[in-house]
């Protein structure tokens, strides 16, 4: 069954619950140096394979950018 | 019976409990512009006539001095 | 006979030689607080009545103006 | 016959007129990097061999020293 | 210019110079200097009476009667909020309920730099107890604004360290504070001579508070009068709107910009 | 302080502020500003009359009568000694033999910086002709002293470029001049606002001369009064003797020196 | 001078210049400028990925590999402690547990002045969570000391407002901080040109952090190298011990004190 | 940056730092400091030999051979044109016809301020005799230009009094000189520490000459190297083009102008 999450502030639908590994593939972010937060909590990279997004999750995916 | 109080940091004995009016007379401060604190609490001037010092009281008598 | 002088940098003709008193009348400067130079030399006010402009004179008539 | 000169501000006697080469030997300045002035005029190094000190000469012998 | 009054807690003052009463040779010099300064608000400290001593001698408030001056008790010497609050409660009692006070919580005895967290805490308590708080503070624009939001009736950033006489060290922060804070902004501490006071007023400060610059001048009474004139001069210059600065601009390509107009 | 007069060429003046008369909107503003300044000595320029024009209209000296003000003719616009001398001869005739003048020989029209060799040459000639010369000059202490030795009755070093309003750029040179020159030292040019004038006086200058800072303020009349107060404030502060500056000294080993006395 | 290293959280660095990575035209300019600066510690910001965009393009950390540089994630854009803490938790995860971070909690978007109470609160939480906190702060000596006491590994007071290029506005406060705080003191924000960096180091700062002064110079790469030299120059001058200043002292009575020794 | 050479009288130099050789403990310290400075041009004084003394000991030019350094004889100690000219004629003879010299005519022994009229007179004579004159001068822009017109190959205005270490007191005058004079402008005298040298170069000076700042530092050799770096840093910063200063603008009505861009 489909789930809807808030990804970096925007609503996003997925046909079915998916793992974070699957999410990153979906987003072309596989292998990139990123960090993920779910509902205000860090999601350790080690948990990407089995941890699954739930309907209603607020997800943040961040990267390092130029700044001072 | 005699009481002992701490007056502006120094111990002080009185032969008997006395009112703040009597205290100020004793200290030559009658009519001076001062303020009194007993055990951390302000003693309003209006209460000087009847309020009495108790044994062990910590009394502060302050005045305005030059300062910036 | 007519004379031509340079007055404050501009050529000026007069039908006949005239005194500085006459010059100042001509210029509406009579009684004004001014000073006059002829060919680089001061013309004292005392000499205005009799001193006469000569053909070719370079005359400067100055006044005090706002300045710092 | 003896001559007396003023050397760097001090009087100095020599038994006989001498060349500047002889003077510098006398002063242990042979081969040093110095310059000589006689009575306000430069004495070129090329003239040291034959030029002779005269009685009454004011001689300056200078060197380079530390300065800013 | 009669209209140009200093408004603090709803009360209008003609003088924008506030002075301290410490460090004078004697009460007579204090009185003469303060009169020469034209100050209407004078700060005083609160201290224990010297029990059994100089009972007969005059006290500061005999020399500076509250009937003539607005007495502004301070908390000089307090290093935490509790001591400051306790001191000002005594001051209010001493002054028959007078509630305008100068809050000053210091960080350490060497620099006398304010301890801002304690100052904020004390301000909160004092405002709740009905005091009208004028707060001595650092030149931190964010915290000055916070003092205003807590209900202080004036913020008083330092120009430089208390008693240093170093003048206005950081005009930029003062300018931000003046730009953002709606209650009066008075420079407190650091003024060393008359021009320092004028500079503070030209920045747009509403007033200046000082003590050492007057008391420790060779001639305190004359310096007090100099300060009176300097504060008025700086205030009028601020209101009159100074000419624009025209630094020489090295720019052969744009002679116009390089041109300095002459004064005659 | 009635005793504290400015003495120039043997004449005493109560005001230490000298002002120019240029750059005002009209004669009325000129008059009101100069009255607000309290100045007793005012500088004027000498120019050709506009032949056949505005014959009827009032002239500057009707507004500023020599009977009330000491008129100080200047040589603004002159770039060599000859022009300056010629201009002042005309000025003396214009002012019935009045011999107190402001010598000003400029180096170029962009910077208006003084041409000192020409200034020295003109001063020599003018003094020989009996003029009492107040000389606008650079802040070169050696040349300021030379102007005094040539017989000038006052030296007037710039604070910064004419009309720049940049204030006192180099107080050190001014201090050397003040220390060495016996005739009055007046800061001329560069003052931008009241505090600048106060700083000049605190350095020990005998007076200040300005024009643009007043005429080009948003409100010239109010600024004129601010300048009056600032010059008085700076003078009194100088006479009163300021407190010593006590910069914080980072020195744990000598806590005494590091100690900043508190003002209460 | 090989011995003169910068020690932060137990790690030694040869370079005392830390640089930001923002405001460059592109990653290539970023890389070239940072290499020219010789910086070993570079700050980066943490932002949301642009979902579905430029998937292929290189990322900042490809250009500045953590293997070569100590990456210092910052909390730029955070206005409260909670956001700052959350941002740095993400940063630590992003950088494989790397715990050295730059804490920066701003007071408002116009001045970018630090919010010190929030900065103190965030520092407390972060230290408890094992972060090694380098804290951007105001030049308040009392609060800088408090940051050290909370366990920050470095305090980084501003020289002037972020991006202003105004240089060292208040050297006195910086000096007090340097004198009292034992952890490294780095000036962060306000540097505008090379001499500003040299001045900071001459005051005794342990290092300097900058971004705009390099990125917004006409030639960022050349300016980056200028900053490298300036920080080294200022550090060596501090260690070498500058000559005493000898201002001219106007004092005929004491010629000795007035004497200026000549250099030859 | 190999292209960025200092050109004086047609000869190119890599180093823009010129140093004096006075005030060192001994010749060894002199040599080590000058090597650390990287200077290629070193100034020396001309003095009478000590007749009959230390005949054997080495001389300054043994330590600083003309084969390795460009020796710049100066006229330190001369108070009039005649003495200066006579001194340099001796110097030229001493240095086998070497004609590059530093002209320095002092006004008095207390301030060591230049005597400009005598300096101009000496320059005229020396140029006529074929000397290549680098002239120490005041910061008077008109007279600096006159020195160029007389044929000097470089003008060297003071930053502040010789030996004072007060740094750049009047950057405005220096800027005018740099803007107008085509021959190299070197700041000579007044530099106190590395940042002063960087500031001078950032103004656009072509070089800096100093002695006391190095010789009287606690560690002259380290300071000499600091100065080398500072001059290079300042030069590169000048060439790189600094960011614009953005002072906080108090202007609620125009938030744009008030906005300070953040560095991240």
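Letters A, B, C, D, E, F, G and H mark the chains as written, and numbering starts fresh at 1 in each.
To be clear about the criterion, a residue touches a chain if its C-beta (ideal position, glycine included) is under 8 Å from a C-beta of that chain, and two chains touch if they have at least 3 such contacts.
Every value quoted in this text rests on a predicted model; they were computed, and no experiment measured them.
Touching subunit E and subunit H alike: which chains?
F, G
When C-F is set beside E-G, which has more C-beta pairs in contact?
C-F
Can you compute the centre-to-centre distance for subunit B and subunit H, using the mean CA position of each chain? Integer Å is fine.
Here the centre of subunit H sits 74 Å away from the centre of subunit B.
Roughly how far is subunit B from subunit D, centre to centre by C-alpha average, rounded to an integer in Å?
96
For subunit E and subunit F, what's the span in angstrom between their mean Cα positions?
33
How many angstrom lie between the centres of subunit D and subunit F, each centre taken as the mean Cα position?
Each chain's C-alpha centroid was found; their separation is 56 Å.
Can you list the residues of subunit A that touch 2 or more other chains?
Counting only residues that touch two or more other chains, subunit A contributes 66-68.
Send over the residues of subunit E in touch with two or more other chains.
20, 22-23, 43, 45, 74, 76, 111, 161-162, 166, 172, 176, 210-212, 247-248, 262-264
Given the complex with subunit C, which residues does subunit F contribute to the contact?
19-24, 30, 43-49, 51-52, 55-56, 59-61, 71, 73-74, 76, 86, 89-91, 93-95, 162, 209-212, 215
Mind listing the subunit G positions that touch subunit E in their complex?
Touching subunit E from subunit G are residues 107-108, 111, 113-117, 120, 138, 140-143, 160-161, 166, 169-170, 172-173, 176.
Could you pull out which subunit H residues touch subunit E in their complex?
172, 175-176, 178-179, 204, 247-248, 250-252
With touch defined as at the start, can you tell me which subunit F residues reach subunit E in the complex?
Contact set of subunit F toward subunit E: 1, 20, 22-23, 43, 45, 74, 76-77, 106, 109-112, 161-166, 189, 192-195, 198-199, 202, 210-213, 216-220, 222-223, 225-230, 232-237, 239-248, 255, 258-264.
Could you please specify the touching residues of subunit D with respect to subunit H in the complex?
Contacts found on subunit D: 7-10, 12, 27-29, 32-37, 40, 42, 44-45, 60-68.
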